[in-house]
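First subunit A sits with subunit B, and in the next complex the same chain sits with subunit C.
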Partner chain A sequence: MYLLKLAFKNLLRAKRRALLSSAAIVLGVFYLIVGQSFIAGVDEGVIYGVVHGTTSHVTIRPADYPTEGMDHPVDELVEITPALRSWLDDNTTAWTARTMFVGTVTSDKESLRIRVIGYDPDTDPEVFSHATWTEPDPLPRGTDAGVMLTSGTAGLLGVEKGDSIVIEARTHKGAVNAISVPVAAVSRTGNFMFDNAAVFMPDALVTSFLRTQHPTHVSMRLTNRDNSSAVKEELTALGAGAWGLIDWWDDSKDLVEIGQIRRNALNVLVGIMMLMAAMAIANTILMAAHERTREIGTLRAMGMSKNGVLGLFLAEGSLLGLVAGTLGAVGGAALTWYLAQNPIDLNAMEGQAETIGNDVAYSAFIYVAFSVPIVVVPLVISILVALVASIYPARLASNMEPADAVRAE
Partner chain B sequence: MALCEINNVTKTYGEGAAQVHAVKDVTLTIEAGEFTAFVGPSGSGKTTLLNQVGCLDKPTSGSISIDGVGTSGLGDKALSQVRGDKIGFIFQSYNLIPVLTAAENVELALTLAKESGGRARAVELLNEVGLEGLADRRPNQLSGGQQQRVAVARALVKRPALVIADEPTANLDSASGTQILNLMRELNAKHGVTFLFSTHDPMVMEHARRIVVLRDGEVIEDRAGGEAISVSNVGVAAVKA
Partner chain C sequence: MMNRTTLTLLAALLATPLVAPPPASAEDAPAAAPAEEMTVQQILDAIDANMVFESRTTKIKMTVEGKKRTRTFEMISYGRGKDDSAMEYVTPAREKGTKMLKLGDDMWMYLPSVDRTQKISGHMLRKGMMGSDLSYDDMMTTEQMAQMYTPTLLGSEDIDGRPAWKIELVANDESVAYPKRLQWVDKELFIPVQQELFALSGMKLKSWRMGKIKEFEGGRQFPTWMEIVDEVKSDSKTTLEFGEMTFGVELESEIFSQRWLERK
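Up next, the complex of A and B:
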């Protein structure tokens, strides 16, 4: 204990030097915490966008359903057989049916080719959270209530709630059909795939418009999303190969893996910063050892062993790392915690929605992921870096000959 | 009773033609309770010999025992323990730890010797050396004489068998130097602590009960016993030679 006390007092005797040499650690830890939290938050944003936007935990689609772009055919459908219904009721916490198709939407001012999502107004919110929707309830239902436009779509079409639009699309059998429907609601969903260009249409209207008896998608929520692979295997057996199955990980892994690349790049950058910090700390402790040669000799004369001197200087280096790491961790944790409570709304940023595009089911809110390990691990790393950086100067100090050291000028 | 036995101790530095014999075949016995001065000109080997006795350095040949413990074959840890348990040091430049208060400096000696007593014992010693009320001052808030008193208290607090003082008055004015010497004499008489110190200060020699004169690493005179030794008859000529 006295070693720590003495080490702490020694650090305080050259406060400015200690502060300067530890600045790289402060910044490195801060940068690592905030950066890792952002990347983890972006990963969760991707997953959130997929789970609550398009795929939920597992989705059944027709076999060979296209996986990318604005291609949503309705010639092949998913029949909800009694066996499938029974399985869904027994093995999911909630499930819903959606029909996705592409139509041309025309207003008085503009015409757009966009994605239309047919939904079940009763079960859709149980599977796909509408918590980020600006007008979640009530959703239009039935054949006469109209449709809901996302805010970006309404803006592009130049329409408001109460206006009428015309939707034109091919039916299940391939014929061209068109309907005029009122805009019952305009809402922002918090999902870039929809907010830029999408129409939400009640399933009853979809059935009459496209002449379909079945949906194109059956999506489900599980008790634990990590069980999705096992569920896919069960459904593969149940559907006898008639369905195409996709889970949340299939839909998000590309973006999450890009996030991993970013994480690795961040780690390399922080590693370089920590290396710089290590050199600064090694230099600081080395200077301290040279300046305090006589003190080292005195301590040795008073009975301190070589290991005691080694321990004293290692303690000084570690304390420097602890103090600097704590400063960086407190700053990083405070900012991360704040952003975790107050997510960044990318929709509020001018031009962001257009930049990201409408093919990515990505949450429009960046939830920075605050967690104890994200804060503690960089702190521990900073202490270890400082400890390792102190080994050489500490050994130099401990190997000083006491007879020479005690009379050093 | 012999407290310290120095047998045929030689210390050399360098090799071949550049070899220097700092101490040559010195044999001495220091009895418990002695107040002995090593005197001689600069380069005579006083400090080198004190380093060997104080276990700060190892002799090239010969052996030394302190309080019955042979130190020649000991490793760093054991030597550190001997220094911590049996030897107190007083240095010319006081060598106090600047970030610690007077009491903490003294207490540190107890901690390193793994002895109990803590601050209370440290303050008791500081009071005994005349530093009442100054226990919480840092070294830079004390005069040279006061700092050396702290160093004396630090050397004595763990009740060592031997106190080694290397030129203890060299950085002090004559009044402060005299006070320190009187203090050391008092403590020697009161506690029976053995003092072994180096000096070339005639005033210090006057206080010594035994004077060992060194020149070129060899003992050329060893006068023991009696009261204060006259400057004129104890090797001062040799010292000044």
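Up next, the complex of A and C:
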């Protein structure tokens, strides 16, 4: 304790130098916490968009269903047989059927080719969270209630609630069909795949419009999303090859892997900053040792052992790391905590929606992931870096001969 | 990359034979019967005698009028019988070199910008061509048209001061792209001069008008001007003008091969 008090007083003797040499550690820790939290948040945003927007935990689609672009054929459907229904009831916490197709939507002002999502108004909210929707349930239901337009789509078409639009698409068998329907609701879903080019249509209307008896997608929620691989294997056997199965990880892994590349790049950058910080701390402690040569000699003459001097300088370095690391950690944690409560709305950022496009089920809100390990680990690293950086100057100081040290100019 | 409107029109152009359901063969052209005494089937056969050909080349000028702008394209088109066709864009510069080839039920597109030939098949055949209103499937159904629709003669009307039959064509099943068509057929020239296409719901989707009918070798009548109006989208119109049209020419066999697609 005596050594710590002494080390603390010594640091305060050269406040400016201590502050400057610890700046790299403050920034490094701050950057590491905010960066890691942001990347973890982006990963979660991808997974959230997939789980609550398109795929849930597992989705059954027709075999050979296209995987890229805005391509949603309805010539092949998923028949919900009694065996499949029974399996879904027994093995999932909730399941729902959707029919996705591409149609041309025309208003008085504009015409767009967009995704139409046919939903079951009763079960869809149980599988796909509508918590981020600006106008949540109840969704339109039946054949006469109309459709829900996502806000970006409504903006592009120049329509609002109460207006009418014409939807044109190919039926299950291939004929062209077109209907005029009222816009019953306009909502922002918080998912890039939908917000700028999607219409949500009640399943009853889809059935009469496309002349379909079955959906194109059956999506399910499991008690634990990590069981999705085992569930896929079970469903593969049940479907005897007739289905294409996809889970939340299949749909999100590409983007999450990009996140891992970002994470590695951040670690390299922070590693360089920590190396610079280590050199600055080593230099600071080394200068302190040289400046205090006579003082070291006096301490040794008064009976302080070599290990005592070693401990004193190591304590000074570690304290520097602790104080700087704590400053960085407090700043990083505060910003991260704030962003965790107040997500970044990518839709509100000009150009972001166009950059991400309509093919990625990406959450429009980035909730930065705040967690204790993300804050504590950089703090511990900063102390260790400072400690290691202090070893050489501390050894140099402790190895001084007391008589020589006292005589030093 | 071609945009949506371009390909909509390209599809419309390649689908041109759809305006007249072909007979079992072009040789089945009807004997010259007094127009008023002809059955609806004889009328359709007479149309086919004009519209179905062994081979054809033509230059096509396509003008697309949209709400915001008007664009013009020029293409060279080759046709061989009912099954095979090929087309190459000449202008504008952005589309120059884009080629399409249809051989029987197979279709390919070559995009010079990516130097790549893409086969259009499977579920893509029912998809609107790159977002267009006409599917690839539309272009491959010419030989089945006679079987696809049940014709009914509704009566006679004057179109642009000329007498025409009004014929209703109702699809025999739901796999036919347009479940109902109304055609007005010129009583003297046996050319459908006007056509309306309807959706399954009964909503009118498109109106076609054909004109500037010229006589070619062997007395064949053929329209050299077409106008297609999208009845759902407002202010959308496409005009096709056919020039240097020749029937019965001997075409290089290489044109109807994939090698031609990537030939510079």
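Worth pointing out:
Please note the rule applied: the second predicted complex is superposed on the first by the 409 of 409 C-alpha atoms of A that agree within 3 Å, B and C clash if a C-alpha of one lies under 4 Å from a C-alpha of the other, contacts with A are read in each partner's own complex, and residues count from 1 in each chain.
Assume a residue touches a chain if its C-beta (ideal position, glycine included) is under 8 Å from a C-beta of that chain, and two chains touch if they have at least 3 such contacts.
Just so we're clear, the structure is a prediction, and the values are computed from it rather than from any experiment.
Aligning the shared subunit A places subunit B and subunit C next to each other free of steric conflict. Applying the stated contact rule after C-alpha superposition, one finds that A:P66 touches subunit C and leaves subunit B untouched. With the two structures brought together on chain A, the opening angle seen from the C-alpha centre of subunit A toward subunit B and subunit C is 150°, to the nearest 10. In the superposition on chain A, A:T326 makes contact with neither subunit B nor subunit C. In the superposition on chain A, A:S111 makes contact with subunit C only, while subunit B stays out of contact range. Shared-chain residue A:S129: touches no atom of subunit B or subunit C. Applying the stated contact rule after C-alpha superposition, one finds that A:S371 touches neither subunit B nor subunit C. By the touch criterion defined above, A:T171 reaches subunit C but does not reach subunit B.
Once you line the two complexes up on chain A, you'll see the smallest CA to CA distance from subunit B to subunit C is 75 Å. By the touch criterion given at the top, residues 4, 123-124, 126-128, 131, 133, 135, 137, 171, 173-179, 197, 199-201, 203, 205, 232-234, 236 of subunit C touch subunit A in their complex. Subunit A contributes residues 2, 6, 9-10, 12-13, 294-295, 297-308, 401-403, 406-407 to its touches with subunit B in the complex. Of all the residues in subunit B, the ones that touch subunit A in their complex are 47, 51, 54, 56-57, 76-77, 80-81, 83-85, 87, 89, 91-93, 95-100, 108-109, 111-113, 154, 166.
Partner subunit C is touched in their complex by these residues of subunit A: 66, 71, 73, 75-76, 102, 104, 106, 108, 111, 113, 166, 168, 170-171, 173-180, 211.
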